[in-house]
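Heads up: the structure comes next, in structure tokens.
Chain lettering (A, B, C and D) follows the sequence in which the chains are written, and residue indices restart at 1 in each chain.
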Amino acid sequence: MSSLDRRIIFLVVALAVIIPLLLPIGLPIKPTAPVKAFYDSIELISEGSYVLISFDYDPSTMPELQPMAISLLYHCFSKNLKVVMIALWPQGAQMADLAMETVNQQLQAEGKPLPEYGKDYVNLGYKSGGGLVIIGLATNFGAIFPLDTNGTRISELPLMDKVKSAHDLQAVFSLSAGDPGIPAWVMVSRMAGYPTPPQPGETDITGKMLLLGGATAVSAPQFYPYLNTNQMQGLLGGMRGAADYETLLALPGTASEGMDPQSIAHLVIVVFIIMANIFFFLEKRQEERKAT
Amino acid sequence: MPKRKGGIPTLTSKAPTAGLLSVMVALFVFSLVPTVTWGRPSPGPPTNLQGEDFPLDDGGSIQLTWALSPDDREGGLVEKYILLRSTKEEGPYTELPYSIPLGSDSYVDSGEVDENGVTIVEEPRNSIKYYYKIIALGKGGVRSEECLIDGPAVATRQWFNPGRVNMLVASIVLSLFILFFIWQASLGKELYIRPLAGLEAVQEAIGRATEMGKPVLFIPGIMDMDDIQTIAGVTILGRVARMVAEYDADILVPCSRSLVMTIASEVVREAYLDAGRPDAFKPDNIRYLTDDQFGYVAGVDGIMLRERPAANFYLGTFYAESLILAETGSSVGAIQIAGTAMPSQLPFFVAACDYTLIGEELFAASAYLSKEPKQLGSLVGQDWGKLIFLLFIIIGSIIAIFNQLNPDLISIKSWFEIQ
Amino acid sequence: MKKQFPLAIVFIAGMIFIVQFFSPAFTPIQERFTHWYIVVAVFAFVLGLANLTRLNLQKIHRQQEGWIYSIPLLIGLVGMALCSFIFGIEEGPFVWLFNNMMLPMSATMFSLLAFFVASASYRAFRARHKEAVMLLVAAVIVMLGQVPIGSAGFMGHLRLSDITQWIMAYPNMAGQRAIMIGAALGVVAISLRILLGIERAYLGED
Amino acid sequence: MEIANIPFWDFFGVWVAALLTLFIFSFLYKDNPFYKFAEHLFVGISAGYFVGYYYYNVLLPNFWEPFYYQGRYEYLIAVILGITILFRLSRKQAWVSRFGFAFVIGCGAGINFISYLQSNALAQIYGTITPLVTLVSGEGGILVDWKNTVFNLVAIIGVCSALTYFYFSKPHKGFLGGVARLGIWFLMISFGASFGYTVMARISLLIGRMQFLIFDWIETTMNVINGNIAIGPIF
């Protein structure tokens, strides 16, 4: 029994993921502190303000970061925030389009008005250079992103009339799978003279800029120090963070969907470990008996 | 951090209270300016232009700083700044076509090259005195008065980065320790090296493969030859291949980098030659698959399933594929010996392989297998390095207690700060 | 010539990088070496491609076991390379092939890890001796501390998620640091042996 | 209800992706012709991908651009070193390739010497040195912060003992053996914790694949069959 056929383990893991996906149990989700901070910070932004979302990831980390992008866009539009989307990763612009598609479907299903391109949101696409792009945006959007992803000049986009530089933004979000991503935004934006973040507890954030992020589960712990030092005001870590955020928004999404399989799969693995140890001790006792 | 070429404008955040003051100053300045082009007022000039060598480079760049024009604010008159440069104080001055946006109070003049490599602005030459002027450009091309630099600026080449003294000392001390013990060993001094379980098992694993008539599979990581772990892996491959040749077994080396494939095949061929069995070497057993991480894993998994190796070696740099390889290897019943210095992947090798060389043990392995005194000597040198580091950690932590009370006290921690 | 000259190249190339670190004056030559290095590595790629193509053509020609599968391999290789030259790598068939073949296969290979963490846990995490108990307990606590279940308090206010944070920040980091410091010493020693020509197995013997 | 459209190539792509996903998963059961097909295709396609990648992202910007457009002929040295590597194809003159190898390995040794010493040794020692006793200034003067003192002590003892485990030139007996054993415990806790910590991200990947199969593939296909989605224009 100690050499249980691996295929049984594989089958059980697969079922632990598939069954809760098809038949959700809805285990309660208790949002963690960094996610609450993330949500509360956005709530501080007044209606009609401008925010920037930087899509710094590619398809390989979609399961974790895409739900964050969708919830974030949904949150922004439901607060009537105007969204500028950019990408520091080549495939980030596609990620943004995909997320918008899903958000539109969600809003349509809820019977809410759809955000209008050019007025409520724009997608400026990818620019290489990482930190250099961040520096450039501090002073001039047009110099870095003369055209949007459709090839329209940004002077023809009404939204961009109001967003000339980072000083016109109330918040920057980086959805980050590595470098360039959150570390670049935290370090370079400060150096380039972006508006300072509000102090914890401050509720009037006019003239200030929030820096918020979403990261993969593996990389999230290295960003916690940024939260402690108020260099970032909130963080979504991994699928768990995305699910917490969806819970706060009361928006059922793929991350919350993923939490049941996640919990069950973790439990299944722990059960396997316990089983392995039970068999191990039983066998050891048997051997000891034989020996005596 | 991005590269400096082309210069990075920096910005200052302006305190809101300064707003009123600057409006008043601006109004005052307007009243003084007699020439008004097309009825547009010209902005007040930037002031206090200073220049100095940009530090820590090979020369060719000058750092300029200035105080913003009083009209440099939101809704103000300034659109951007323009720099002019000359080698003589009296001129003539050339306008430098940099775009320096409003709000910048510094710029690094290091020349500019366009996308096709054509020089637009020549970089300042080393050891030559340069004079600069700066003007603020207003709407409609109106220019402010010029502001001349305080004194000439010279770009110089730095031969030493003083922030890296600690690294220099560490490099020299460690190198001396290692070389000293290599020298000692070459004099014939007897050296003790503790056994490494993973390496004791190498022979056993190859012997088992020979008995079973199955091949040995060796994976030198997924990175290229510039990675030192790969070099360590390939060096160990040489020793393992020699044993394989002596035992008359087969060794398979699928590679994910062409260069590694090329060098591995050379190393294995030599090993067979050394063992006196050059004709038993099968060049086709050392093969290239693909540079792609998971494409490579798919290929290696296929090889494992079909060739069913009796011994698997994973020695080099590994990422997420570590566990995929090790679990597939375990499912075909191979003895598995792994070694890597990647802290993130060690847990998976420890869990799924029979023996794992942890971190430094990987680098010790080639010395250990070769049994050459020179190589073993370097291990003793490494141990002395460890001892020194340990002492610094302990003494540094004790002194750090007092650093909390008296910040002026010597701080060992600061010796290890990296710049 | 056959042995000494390459060793001299090793020494010079390596020392340029070390010296440049301390002396900014050497930056331009170091930058050049970096660019050349990338180009040299690409030349080696030709050898890899030649090897892959030759072995698979040979397999088809000799009709070795499983030769039939060499056909999709070669078609994939040639097809992808041709698409990149004809249509570029930003759009068109290259991107379609990438998105609908390479990416899903990559993601699937990657996701196999979910199964393998389970099977490896089952085999490895047994309380055979004290060290194994440490491994086992730390793994189980952290695994449970990360999912919503772990946020539930037990034993008063102690939560698994808090214990997880502590384990990650203190004992785990201590272990990782020791590995990193040790590895650094190993790398310094082996680099030094390579630069000085003491370690030269990779060059071959004659 | 309005009928949504899905371009033919997108729909076809989903099917190709889904089948290849299943082919790869099939290897968990056992080796089979489907896996063999997918595996070989994967190796071929990814090698072909790198042909394009290296051409556009390395050869053009790092060689052709400076050499041809900027006239920096010193790049010929790189080409010569590169060509020496091709001598590997010749039996007799293979030794010439050592020039190219030597260059690459020399660069690697130099870079690694510095980067490991800096970020793996000095930076980690810097991080490890923390006050053995943490003090805080409270109302009654300076007090000892026992909690952080104990936590930091755990970290320092952990680093020192685990580093002792790597000691090669003395037998691990007596005091040294005891400390090294403690070091192994720390290493084991670290391995267990890192292992457990990664599980979540790995399960997330599997959930991602399953969501693709269930929602993107099966659900879309069902919708096409039921006529809720029409297969639209070719592109």
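For this structure, a couple of remarks:
The criterion applied here is as follows: a contact is a pair of C-beta atoms (placed from the backbone, for glycine too) under 8 Å apart; a residue touches a chain by one contact, two chains touch by 3 or more.
The structure displayed is predicted, hence computed values, not measured ones.
Between A-C and C-D, more contacting C-beta pairs join the chains of C-D.
The most central chain, judged by the distance from its Cα centroid to the centroid of all protein Cα atoms shown, is D. Between chain A and chain C the centroid-to-centroid distance comes to 26 Å (mean Cα coordinates, whole Å).
Each chain gets a centre from the mean of its Cα atoms; for chain C and chain D, those two points are 5 Å apart. Annotation: 16 Å between the Cα-based centres of chain B and chain C. Taking each chain's centre as the average of its CA atoms, chain A and chain B sit 28 Å apart.
Shown for chain A are the residues in touch with two or more other chains, namely 6, 10, 13-14, 17, 217, 240, 262, 265-266, 269. Of all residues in chain B, those that touch two or more other chains are 167, 171, 174, 224-226, 228, 231, 259, 262-263, 266, 289-292, 294-295, 298, 306, 343, 346, 348, 350-351, 358-360, 364, 379, 382, 386, 389. The multi-chain contact residues of chain C, meaning those touching 2 or more other chains, are 18, 21, 37, 41, 44-49, 52, 66, 99, 102-103, 105-107, 109-110, 112-115, 117, 119, 121, 123, 125, 135-136, 139-140, 143, 146-147, 168, 176, 179-183, 185, 187-188, 190-192, 194, 202-204, 206.
Contacts from chain B toward chain C in the complex involve residues 56-59, 157-161, 164, 167-168, 171, 174-175, 178-179, 182, 224-226, 228, 231-232, 234-235, 238-239, 255, 257-259, 261-263, 266-267, 269-270, 273-274, 284, 287-295, 297-298, 306, 320, 323-324, 326-327, 330, 341, 343, 346, 348, 350-352, 358-360, 362-364, 366, 370, 374-375, 378-379, 381-382, 385-386, 389. Contact residues of chain C toward chain A in the complex are 99, 103, 106-107, 110, 114-115, 117-119, 121-123, 125-128, 136, 139-140, 143-144, 146-149, 151, 161, 168. Taken together, the chain D residues at the contact with chain C in this complex read 9, 13-14, 16-18, 20-21, 24-25, 28, 36-56, 58-59, 62-63, 66, 74-75, 77-79, 81-83, 85-86, 88-89, 95, 98-107, 109-114, 116-117, 120-121, 124-125, 127-128, 151, 154-163, 165-166, 183-200, 202-203, 205-206, 208-209, 212. The residues of chain D lying in touch with chain A in their complex are 28-29, 197-201, 203-208, 210-211, 214.
For chain D in complex with chain B, the residues that touch the partner chain are 24, 27, 30-31, 35-36, 38-40, 42-47, 49-50, 65-66, 69-72, 85, 88, 94, 97, 101, 104-105, 107-109, 111-114, 116-119, 121-123, 125-126, 128-135, 142, 152, 156, 159-160, 163-164, 166-172, 187, 190-192, 194-195, 198.
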